[in-house]
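Beneath this line is the structure, given in structure tokens, with notes to follow.
All chains are identified by letter, namely A, B, C, D, E and F, in their written order; residue positions are counted from 1 within each chain.
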Amino acid sequence: MVYITRKESFSAAHRLSRPDWSEEKNREVFGKCSNPNWHGHNYVLWVTVKGNVSSETGFVANLSDVSNVIKQYIIDKVDHKNLDLDVDFMKGKKSSTEVFAVEIWNQIEEPLRKLGCNLHCVKIQETEKNIVEYFGKN
Amino acid sequence: MVYITRKESFSAAHRLSRPDWSEEKNREVFGKCSNPNWHGHNYVLWVTVKGNVSSETGFVANLSDVSNVIKQYIIDKVDHKNLDLDVDFMKGKKSSTEVFAVEIWNQIEEPLRKLGCNLHCVKIQETEKNIVEYFGKN
Amino acid sequence: MVYITRKESFSAAHRLSRPDWSEEKNREVFGKCSNPNWHGHNYVLWVTVKGNVSSETGFVANLSDVSNVIKQYIIDKVDHKNLDLDVDFMKGKKSSTEVFAVEIWNQIEEPLRKLGCNLHCVKIQETEKNIVEYFGKN
Amino acid sequence: MVYITRKESFSAAHRLSRPDWSEEKNREVFGKCSNPNWHGHNYVLWVTVKGNVSSETGFVANLSDVSNVIKQYIIDKVDHKNLDLDVDFMKGKKSSTEVFAVEIWNQIEEPLRKLGCNLHCVKIQETEKNIVEYFGKN
Amino acid sequence: MVYITRKESFSAAHRLSRPDWSEEKNREVFGKCSNPNWHGHNYVLWVTVKGNVSSETGFVANLSDVSNVIKQYIIDKVDHKNLDLDVDFMKGKKSSTEVFAVEIWNQIEEPLRKLGCNLHCVKIQETEKNIVEYFGKN
Amino acid sequence: MVYITRKESFSAAHRLSRPDWSEEKNREVFGKCSNPNWHGHNYVLWVTVKGNVSSETGFVANLSDVSNVIKQYIIDKVDHKNLDLDVDFMKGKKSSTEVFAVEIWNQIEEPLRKLGCNLHCVKIQETEKNIVEYFGKN
């Protein structure tokens, strides 16, 4: 069992807030992340898959295939977009990095499985100081 | 003459577009940076000042004073904000990194001079691949 | 279960040595780290906590609360200090990165639990080449 | 149980190809990595060992000993070399990062055990975007 | 006058040697870089252009145009290639980073000028420890 | 004229203070850097030399020779040392990064000249946020 990781990055706007809360309550809980006019980040995304090494190719999976899945299902939808307004799989969801990581997992788990890959970890760096990892339900 | 540099960072949303242009024209010139719902970055800012080394302190300037100027005049105004909507010194200006660097220079040159510092360079990294430097009018 | 990580950094002096050993013995075992007049590092500290994602906030925990715990219990005590002379929770302990990681765990486990967080990992980078991770007793 | 990691780096040439495949087939499967005249990378290698903290030294293991093992068994053999032509332990093996990580594990597991260390992970970064981790057979 | 920089990266093999020198002499002068079976690097390339800020766009130049020039004239020719065997503009030249920087300058100066840009600096990082900068003939 | 840069790093302890000032005055001017029991950093040092490219070797200078000068004259004297107590060329000098950069220039300018190199810049990163550059007297 070997683990391989592909790193991609993208830039997006978002805001943390609940429409059922007042500005004051949002500011209290979400701090400066609740700015009504949005803010944004250069997100870094690491996707790790695991599997056996193919004796034919020496690969667990072709990382350019993994990259293509990440680009098609995630990067093309989120890069230079607003996570709260423009992204289909985030509609009605909070754009916290935690929720975002889980939703990215849900988008790519199946397409990666079709490549013969088992998704192991979705890791997102929102800022250099804030990182989230999700390893699936189990 | 010695050069000292302070690095700070902040996260902000922005958009490149001209209101007098159509969406198509904006898309053609500014590409994905023209997304109407904004996008954002983790900006990195390096401010370089130059001067003689004080025999009393061994400093060109106290970098914590330099940092305070950057925080008061720039970071507090742009961090977790929308450069096009929330920032007084960017009102009516394009939020390209080039224009942003010039406007940051204009904000901090005088306050740094009051510290006895000569501003030498404002450098901004918008993404890891895109960097802008401004050395003033001369 | 989602894992969230906060990165902080600080600068400190320390020395590896045993008072019951001769300078020669200390030099033999601890090498240049035994320099009697100290040396120092820019330490990087990653604290990872795990938990369920709150449906109210989308957070496992508010990373600014996690950051406050790290600052109050660790950074304020170690930044620009001597680990062997100035730090209460390192008194009488060796300032190896391994021991330091365990002691940091012991300092923050309880305060983080009061935030509703389960501490998962304390990771310290002493130099770019040397990294230590501690995941608790179990 | 504490985990300690040593980071080393080296520069090497290699090529992904099967001699029993045509150039076209190699190009199709391995893409630009199949270039007949080789290409190369600045590889980064992290070796993680785990163990109890010695009450005598505060160490799981002396990282300079760990570094010496990595240098003797790996770096001296691969740095500024061709992985496919010059490296004894890669002879007849594919130089995919996956296979390379497993073979590095096989080279250093025993020498590290003689230091009293249990090898936990071999991690290789081939490019900033491609990373492989191997945790051994179990 | 504002300076804008685009960062790109590529992986290539090369060797430092003179065919008119013996292996011993090559080894003496070029050290491990003279390995006959090649070695390689993940090169990082920064291209800096300077100019006035357009009042129409806020740009010195569109960095995606600059990136396209770098890709067409440099990256497509050197990425996953052998600098000594595969690259037209390096034929008969030494593949030292110094010479490489000058030759890259010669390739892109004119195409960048057609974009309305004045090339200011070609900077190459061969390894994290070795960096070369070329600012043109004047 | 081409510029080549060698990056080295080292870890050291130091303190900013004047013996003719009270603890209070030192604390007021130098802040936490005046801690009487020292603190320390992982310093990063970039040394840039400039010159013409040799047609014989393709080098401005052999970077391993440059590295040897830096190691002999600087790294061996400062690594894992106390800048204020252990370093001959810092005796009686303030260990601010500004003064340190000037003194490093003074140590290596002549030895580099003997290699046929003209020293162009000494750059020191004390922490990721604080950087100093010195380009000599002219």
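Basically, a residue touches a chain if its C-beta (ideal position, glycine included) is under 8 Å from a C-beta of that chain, and two chains touch if they have at least 3 such contacts.
Everything numeric here is computed off the predicted structure, so don't read it as measured data.
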item	value
Minimal step count in the chain contact network, chain B to chain C	2
Required steps from chain B to chain E (each step between touching chains, minimum)	1
Copy pair chain E, chain F: interface residue numbering same or different (half cut)	different
Most remote chain, CA-based centroid, reference being chain F	A
Furthest chain, CA centroid comparison against chain B	D
Cα-superposition angle relating the copies chain D and chain A, to nearest 5°	120
Option in C-F, A-B or A-D whose residue-number contact pairs overlap B-E by over half	A-D
Where chain D and chain E are represented by their mean Cα positions, the distance between them in whole Å	28
Chain A and chain E, separation of their C-alpha mean positions in angstrom	34
Centre-to-centre distance between chain D and chain B (centres being mean Cα positions), rounded to whole Å	42
Junction residues of chain E - those touching two or more other chains	128
Chain pairs in mutual contact under the definition given at the outset	A-B, A-C, A-D, B-E, B-F, C-D, C-F, D-E, E-F
Touching residues (chain side chain B, partner chain A) in the complex	9, 11-14, 32-33, 35, 37-42, 79-82, 85-86, 127-128
Footprint of chain C on chain D - complex, ascending	1-8, 46, 48, 53, 57-60, 62-64, 67
In the complex, chain C residues that touch chain D	16, 29-31, 93-99, 101-102, 128-135
